[in-house]
Amino acid sequence: MKASELAEKLGGVLEGADVELTACGGLEEAREGDLSFCKDVKHVQLVETTKASAVLLPRDWTSGAPCSIIRVDDPNQACMAAAEIFAPPQPVRKAGIHPTAIIDESVKLGNNVHVGAYSIIEANTVIGDDAIIEAQVFIGENCKVGARTHIYPQVTLREGTIVGKDCIFHCGVRLGGDGYGFNNGRREDGSVYIEKIPQLGIVEIADGVEIGSNTTIDRARIGRTYIGPMTKIDNLVQIGHNVKVKGYSGLIAQSGVAGSTEIGYGCLIWAQAGISGHIKIADGVQVGPQSGVPQSVNEPGRYVIGSPATSLKELAAISLAPKMITKLRQDVKALRQDVEKLANK
Amino acid sequence: MKASELAEKLGGVLEGADVELTACGGLEEAREGDLSFCKDVKHVQLVETTKASAVLLPRDWTSGAPCSIIRVDDPNQACMAAAEIFAPPQPVRKAGIHPTAIIDESVKLGNNVHVGAYSIIEANTVIGDDAIIEAQVFIGENCKVGARTHIYPQVTLREGTIVGKDCIFHCGVRLGGDGYGFNNGRREDGSVYIEKIPQLGIVEIADGVEIGSNTTIDRARIGRTYIGPMTKIDNLVQIGHNVKVKGYSGLIAQSGVAGSTEIGYGCLIWAQAGISGHIKIADGVQVGPQSGVPQSVNEPGRYVIGSPATSLKELAAISLAPKMITKLRQDVKALRQDVEKLANK
Amino acid sequence: MKASELAEKLGGVLEGADVELTACGGLEEAREGDLSFCKDVKHVQLVETTKASAVLLPRDWTSGAPCSIIRVDDPNQACMAAAEIFAPPQPVRKAGIHPTAIIDESVKLGNNVHVGAYSIIEANTVIGDDAIIEAQVFIGENCKVGARTHIYPQVTLREGTIVGKDCIFHCGVRLGGDGYGFNNGRREDGSVYIEKIPQLGIVEIADGVEIGSNTTIDRARIGRTYIGPMTKIDNLVQIGHNVKVKGYSGLIAQSGVAGSTEIGYGCLIWAQAGISGHIKIADGVQVGPQSGVPQSVNEPGRYVIGSPATSLKELAAISLAPKMITKLRQDVKALRQDVEKLANK
């Protein structure tokens, strides 16, 4: 889009060449064809060295720029508006079933459902109104998918999975895989056995849950693995069997929750953190990145960090230990010298 | 199912309303329609506050319950039996090839093989008797899949992968991807090069191996990446090229094993642990959660934990360091005061 | 292949039985049918106990072997050559579109493109010359895939993704999923809200990038998530929205980079490491395995390790703390005794 056309859409004033613009980008990373933005004169140096083709600046900006300028009231907000203009058009998933989709005749489809190419929906499954099942999705028998839920390509829902309304599942999400459960030991004759424990439960996802790419949530051993309303799960997260996430929580990328653990309301589990099985995390608890939580956190709203998880203060104390030890060694050495002096007096 | 019908199947006696029951659940998480259980009077408080519609209790239970009661000999066992009754019916994968499956004419299929919709099996691959290849699976050229092995939807086996009998691969498993291997450096003219090292080997999986959702196992650089018999691998695990897992081991979710490492018999690698490349882990070793093992563990049956991994005792000592340091500082301060007193005497 | 035939191909001399050989393997892991190798007499013991059917040895080897011997000039190099001979034949992906591939009529396909069975390419996407799109791939609208790029089965590219030339994406790679971004807080009436922040940007992958199985790279909130030229990414890696990896870097398995972080040229991020969001990693920095980097690393070429990441020296000091503390306690105890003695003198 021409800078002049964009300036008009944003209610701004163009100065300089009427360049072609195709994307937004930060001042440092921008390149030819990009529109960047700066709201504060303290970043003037970044403006001076930007490779953007145009930059959104406040109306009273006096320091110039090495490219075209579009003056606006609020550069931040204008850049967001421009980003929406530049954004690749959202694909339209019209209601309708692709002729290659294989849908068992016992499946109940709501109104205005979209099912993409090469997707499979097995017997007795129910799909709610306005749901979008994109291409190459697998939904097993006896599942329920709520209204307006959007399932991206190559997601798999094993049999019996229940999904609420307004959920979003990104590519490669795996719901309802067997939990990890084996009985093992030695038989009377001394030979080792490892026997699979049947995983007879299901996964149930409440309303408004978003699940990131390639995240895995296991079916319960018995009963249900439960992800409560408005929980937001990032990519590559692992949720074990019989876990219960009450709701309104966030689980950031590559974190994991082991079997039968309960996560309270409004918790935040940061990236790569791990939570042991069979424990409880109180409401509003935050677990820091890469932390490992071996036992229940009972105090609501607590922040724990480290592996094993402790307080931030305690973690800092461990990091500081070498420095403290060096200081102590000096003190002890000085004491020794003084004691020797006294002894020889 | 009506509580009365269930009570009869379980050999129990119903007291209270003949409610409809649809699932099992723990006392605390149960909700309307759920059957819960309690075997010990010490959990009486949980029984009193449960939201289950019915609860399995011992025949001599005297404390009542806020819902229907089914008295049985062993509430634990009865609940497992009920779970099997409530379990979503296991999908039946009858022998037969779905008409949309694309199977090269050179493929040798055993007896009673199931191949699901939109699955692909390429040239010269051999599938054993009673194997189940579900929908949307990709199996490349020159693979072998043993009898009764069950491959869930959207698994990929790259060319040359060999799989034993009675294996289970959950959705999204990736076998035989290229290992991570590059030669890099600078050419005589100073320019940088990064060259791919051809990954010419295969993945070989022995009998009775179960692999969790979205786990990845790389093909060998040369020879084979080997997963020995009865190994049980959880979700999102990474196994590098030329790794050898001897057998009867467990690798829990999100753990990783780097290239050319050998894991002995009967090891247990806990969640999110990482094991360096080119080392050996002796038989029966356990690696604690989130631990990092930088060098060989030669003592069979050892438990290592921490990053870098050490003994539990050593790890505890590190955690205790701040407390010990605080105590030492007090001792040193007291000593200093006493020495000053002596000096001034 | 017969040992005699192989010996001839390798320019070597066979001694012993003309066994059938099918694969290469290290001395310790080799089994019947395997060819192994040893270049140095210091490993003579491994040769003596190998279960290989034949072993490549230097021409002047005098210690014999428990199996057939093929004498060659350079056993290492000969084994690599043999591995190429034994390697499962690389599948040939001829130019052509499988009749089951669904390609929008607006798609522009270059010359000699291969598109496999059940793959989908949506509107306005452009595929470069000699690109290989294997089976069951999903490529959304408005994507670009450069010449000779090879996409393995079951990869998904969401709309707008741009991919350079000569890239390799392994099975299960997810490009362009929504980044993790939500606004949350409390409304005036006290109720909690969690609102999705639209993810309007794209993913752009430069030339020569290889991405491992089941790795996920999120689309930018605005602008682009950028993976620079020749970057090599291993399996199960997570790259957040708006991350910029300048190029020529390696990211090893299960590592993660949080949103808006910039990774310089020639960095190496080891397995299971995590890098926080909104920071910068200078050129040539190495981040050790399982390390967590909470703030920018500004010094080019620095090696950081630990969680939180620090120097190797500092990390070692933390590990050594318990030993140092034990020593200090002994010193303090001895001092106390000496001070008591002095006081009582």
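Letters are used for the chains, namely A, B and C, taken in the order the chains are written, and counting of residues starts over at 1 for each.
In the analysis below, contacts are C-beta pairs under 8 Å (C-beta built on N, C-alpha and C of every residue); 3 or more make two chains touch, one makes a residue touch a chain.
Because the structure is predicted, anything quoted here is derived from the model rather than measured.
Where chain A touches chain C, under half of the residue numbers in use are shared by the two copies, so each contributes mostly different positions. One copy, chain A, sits rotated relative to the other, chain B; on C-alpha atoms the angle is 120 degrees to the nearest 5. Mean C-alpha position of chain A lies 22 Å from that of chain C. Shared interface positions of chain B, defined as residues touching 2 or more other chains, are 118, 136, 154, 172, 214, 236, 254, 272, 290, 307, 318, 321, 325, 328, 332, 335, 339, 342.
On the chain C side of its complex with chain A, the touching residues are 102, 118, 120, 122, 136, 138, 140-142, 154, 156, 158-160, 172, 174, 177-178, 180, 182, 192, 194, 196, 198, 200-202, 214, 216, 218, 222-224, 226, 236, 238, 240, 244, 254, 256, 258, 262, 272, 274, 276, 290, 292, 294, 307-308, 310, 314, 317-318, 320-321, 324-325, 328, 331-332, 335, 338-339, 342.
Looking at the complex, you find that chain C touches chain B at residues 23-26, 29, 34, 79-80, 83-84, 86-91, 100, 116-118, 135-136, 152-154, 168, 170-172, 208, 210, 212-214, 230, 232, 234-236, 248, 250, 252-254, 266, 271-272, 289-290, 307, 318-319, 321-322, 325, 328-329, 332, 335-336, 339, 342-343.
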